[in-house]
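Per-chain residue numbering starts at 1, and chain names A, B, C, D and E are given in the order in which the chains are listed.
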Amino acid sequence: MVDWSFIGHYAPFFVTGALMTLTISVFGIALAIVVGAVCAAIETARIPVLRQIVRVYVEISRNTPLLVQLYFLYFGLPKLGFVWSAEACAIIGLAFLGGSYMAEAMRAGVEAVPVVQRENAVMLGFSRLQTVVHVVVPQAASTALPGIVANVIFLIKESSVVSAIALADVMYMTKDLIGMYYSTYESLFLLIVTYLIILLPISIVGSWLERKFNYERL
Amino acid sequence: MTEQQFRGLEVRDLVKKYPKAERNVFDGISFDVPKGQVLVIVGPSGSGKSTLLRTVAGLEPIQGGTIALDGDVLETGKPGTEKAGRSKRPSALRTRIGMVFQSYDLFPNKTVLGNITMAPVLVQKRKKADVEAEAMALLERVGLADRADAKPHELSGGQRQRVAICRALILHPEVLLLDEITAALDPEMVREVLDVVLDLADDGQTMLIVTHEMQFARAVADRIVMIEDGRIVERSTDPDEFFAHPKTERAREFLHTFEFERRRKHEDGEPIREFEDVD
Amino acid sequence: MSDFNILLEPGVFPRLLNGLWVTVWIAGVSVLLSIPVGLVTGWLMTAKSRTIRAIMRVYLDFIRIMPQLALLFIAFYGLARLWNWNLDATGACVLVFVLWGGAELGDLVRGAIQSIPAIQTESAYVLGLTGPQTFARVVLPQAIRRLLPASVNLATRIVKTTSLAVLLGVVELIKVGQQIIDANRFQYPSGTLWIYGVIFLMYFIVCWPLSVVARYLEKEWATA
Amino acid sequence: ACGPTAGTPSEEGTAAAGSTTATARTLDEIKSSGQLKVAVFSDKAPFGYVDQNGDYQGYDIVFAERLAKDLGVEPVYTSVDPSARVDVLTSNKVDITLANFTVTDERAEKVDFSKPYMKVALGIVSPEDAEITDVSQLDGKTLIVAKGTTAETYFEQNYPNINLLKYDQYADAYNALLDGRGDAMSTDNTEVLAWAKSNKGYAVGVTEIGDTETIAAAVQKGNTELLDYINDEIVTLGKENFFLDDYNQTLKPVYGDEVDPNDIVVEGGEV
Amino acid sequence: MTEQQFRGLEVRDLVKKYPKAERNVFDGISFDVPKGQVLVIVGPSGSGKSTLLRTVAGLEPIQGGTIALDGDVLETGKPGTEKAGRSKRPSALRTRIGMVFQSYDLFPNKTVLGNITMAPVLVQKRKKADVEAEAMALLERVGLADRADAKPHELSGGQRQRVAICRALILHPEVLLLDEITAALDPEMVREVLDVVLDLADDGQTMLIVTHEMQFARAVADRIVMIEDGRIVERSTDPDEFFAHPKTERAREFLHTFEFERRRKHEDGEPIREFEDVD
């Protein structure tokens, strides 16, 4: 039923697709982490005005689908004169979506650090910067890490919709092969395997990191 | 008001109000802790004991009065500063006062040794090797030399509090503030922690202690203050006398909370069998 | 920019609303069906049998690791042929969202049940309550409170994910938008911007209240 | 339970078409159900699209309406992407695909084609100021196609040096051309001709590339009963010049007089 | 072994092992709690006090021995039942024993009154109106009649524990088990809860109490048992004698944990100023 020679022949396409998925994801997620960190810093530091802007951004980003965000960026904005490449749209879209998720995870991490920990730092004579670097961030990172890893996996998965703006990622290859050769099973098989190869290790490394940085347990 | 020759902690006319609170927690209270002595503060829950320690530590802004150490003014109250946040006291002044809190609040990502050596290395820029040697000596003293490389979560509550004391001591604070440091511990752990505190008192460490362990308070105190609703109800430089014969009715009532009387004798008809010798 | 008028064309707005209704319908049906599936899954996840727990683990992990779009493809193209099912695109969407929502909700149910302190069931035991009484009167009410905020968030995610249905050819909000863009492409060459803008807003208007409710529940019920 | 619908009333029911077996329905089953399920395009004017009122329109639709009418049933449309046209048949989601479906050998292995009712070759449309008049000009350039179309397969196999930019939907593909994301776009020449006609600044520089191919209805492999019926119908309709009428009704307003209907219309299944 | 006429709780040769544990928590211990009396169990952390109460309550399977109430055998140990889970004891037998835990374990989704009336209505099928009247009387007795409609999270810890006691009492348990019910409370709350317990003892409620409050133990106990490592170290029917002159070295050491001695006198040169009269 399954044509193995087909799979052997087209596996390289999926490698290319996987590379595209990874490229978009790596840049998108890196940017999302930066956006998230900035937003989390603004929120925890309670900077007026900027804080309200961040709130609005988070709501918009969390409550609209990435696909629609992408369509808007890719097909909508050109009508205003901004023609961005598909790669740019995908990375910006992923960062726009991911930024709010990352911000939430990081903010939760910072808020989970007990006040008494900062107070101890004060009593020990730490400066504000020393307190942030040596006390708050390491502990916040430990609580935020599971959320951040979950977001990384979530964003890689979400990146599958970039095929809609003609980026040749894993989903694109699948749809292509189904459309051209009607080899549905083989394509779906390759699709599942490719995603497992990309996401399983991340998921495993993620839980390993979580355990390693969980100061309270184990 | 400060005499030039007085050494120790002086608190004068302290006024403290929390933002949004209806009334002041303190409306002008004063006391001293002479160098080398231990002042124990007792009082019912919500009376302001923790707040008092926190203002001395600089964790809470004050709205009136002064706090001075060896004649150096640490804090001068200003009205309207309820929301001002922590005191801007410079690091060098801050480290002259040490504090240990109720919760097990070691830095979870550092080892025991790392917790103790962090501040002297980062803040006082002392040499790491020197600091570590001193830290080991302190750990030895509190009976934890063998746990230097353990992470906080591997320690019992009592062990953590002893490490927290070492972490404060290594900065050689002139005054050490202890806020119910045994409230969350099992009795045996209470003992091991309080033994360390008694030991420090013997060595002449100036301390300001809040505790609900009356027996311990009596043993460790040089002076005792009972507060209620932010006011000093009774104070004494003779703890034995305070516990045996409190002068005020309120103190008597309060101390009574810690005593239970047998109120019944069994005269009912059940056959009270002796225990069998089964083990 | 003047192509804003595309939105005022007769039929455009009603059709977009119709498309939105399809989106909401798919999400609504999926959420509703996810509830029983999730409860059963959650119950199975706390089962005593290791085999059952292992199977549920694999189910959950597979669903979690596969992009929803991949699952949709598998359901739409794969399952229909493999098992001779004739699932149309809408059916495939609902199937995937129910399997996905059920797995996620099941995990929430498991977490909620397990987060209830043992002392609660022990208290019930000492008071003489039977097993079913304990579950119905003590465990479940508390579990639901812990469950609800996260479940509402899950519903938001399902609504958002219905946008993928367009890639299977379901005529929902986005597809309707594309049809309108196509049909008006001579008259309003820049209609794209406005139509996608409205779609963007429509999703926001559906999802945002859900987020607000979830946050409210989180705050309100955290105290109890 | 009835699914929700967007667009046309005639579409009702498809969304909720639960699960039956994947074996095609017989003619009797179709008749007794009162519905003929047809896969069509919804964004490929003037062949299959949804008009401002949300109704399906176009050359393919007119044929579908007639087929249904002669069967004594109502047509029910399912909107498909180009790449889904084979699968909707194999998984029996529809009875017939009538979506500008070019007959190719590969497709013929998966589905059964009826007699043709139209013929096309591929055409290439590009901006007038950088018009592509020969395929060789596309070497190393970017060509936009829709996934699952003959254009995709053709260029993929014959011109490996052309970068293909593939979209799921025609609407997306056209938009991409408008936004300058590619140098040209290719699909059936009828389609590009129609599109270029109504989009100023674009021209069909290449009107015929590849072999002239035919377009036909398709049914599930082995469903000879329905296939025979369609073939008979096409022959019968030829006698009344049905497809020419269809052309005049749907395509002519777009193409005008520039195109000779005989280049497109296939009457009675005879090429 | 059980005498027909004995009334109260009898524990005989109790053997208990946790799954995966290396050794038995109990390897055959026996004791009685005659009806109307109070047995207090003291001992260091981890000695098995909670485990003992839990086996009596039926929350833990036992691997040997018997537990009987008024001559009715509640539990007979069977080897190899480590993982058996809770006892299959029927509901009617279970309600003859009441238990209150350390943590605030009220059902958070019910009001105070709902917590108390739930079991009698559901389990004993008593009329709701009757039960509510009795619940109100109980709440009156512990001083909480005005909080009947409050939710648990609106109560202080001390209030919650008093409600938990009412919830157990309304089933008229023959024996009430209390496991460190004040361990998580502030001193004043400890007092309000223990006053209720002293009151119950006066009324002749049979109780088995685990506590770290030695003063309270001395006041409330009719008999006292000290356990360590699952063995009975010392037992006594005269609590005053036990606390004043423990017979075993181990008990002496243990009781010493709760006493602090003053170890220093100040002879250093600091001028010890009297407190000023500032307030």
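Quick notes on this one:
What we mean here is this: a residue touches a chain if its C-beta (ideal position, glycine included) is under 8 Å from a C-beta of that chain, and two chains touch if they have at least 3 such contacts.
Owing to the predicted nature of the structure, the values given are computational and were not obtained by experimental measurement.
Counting steps between touching chains, the shortest path from chain B to chain D takes 2. Touching chain A and chain C at once are the following chains: D. Taking each chain's centre as the mean of its C-alpha atoms, the one that lies farthest from the centre of chain B is D. C-beta contact counts were set side by side for C-D and A-B; C-D has more.
Distance between chain C and chain E, defined via averaged C-alpha coordinates, is recorded as 48 Å.
Once the centre of each chain is set as its mean CA position, chain D and chain E turn out to be 82 Å apart.
Centre-to-centre separation of chain A and chain D, using mean CA positions: 39 Å.
For chain B, no residue reaches two or more other chains under the stated contact definition. Contacts with at least two other chains are made by residues 84, 87, 168, 172, 175, 178 of chain D. The set of chain C residues that touch two or more partner chains comprises 77, 81, 167, 189, 192. Contact between chains, as defined at the top, is found for A-B, A-C, A-D, B-E, C-D, C-E. Residues of chain E that touch chain C in their complex: 57-59, 86, 91-92, 94-95, 97-99, 101, 103, 105, 107-109, 118-119, 122-124, 151, 153, 167-168, 171.
Across the complex, chain D is touched by residues 9-12, 15, 18-19, 21-22, 24-26, 76-77, 80-81, 84-91, 167-173, 175-176, 178-179, 181-186, 189, 192 of chain C. Every residue of chain C that touches chain E in the complex is listed here, in rising order: 117, 119-120, 122-123, 125-130, 133, 137-138, 141-142, 145, 223-224. Note for the complex: chain C touches chain A at residues 1, 3, 61, 64-70, 73-74, 77-78, 81-82, 156, 160-164, 166-167, 174, 189-190, 192-193, 196-197, 199-200, 203-204, 207-208, 210-211.
By the touch rule above, chain E contacts chain B in their complex via residues 6-8, 12-13, 28-32, 34-37, 44-45, 186-191, 194, 198, 201-202, 204, 212-213, 215-216, 218-220, 222-223, 231-232, 235, 237, 257-264, 266, 268, 270-276, 278-279.
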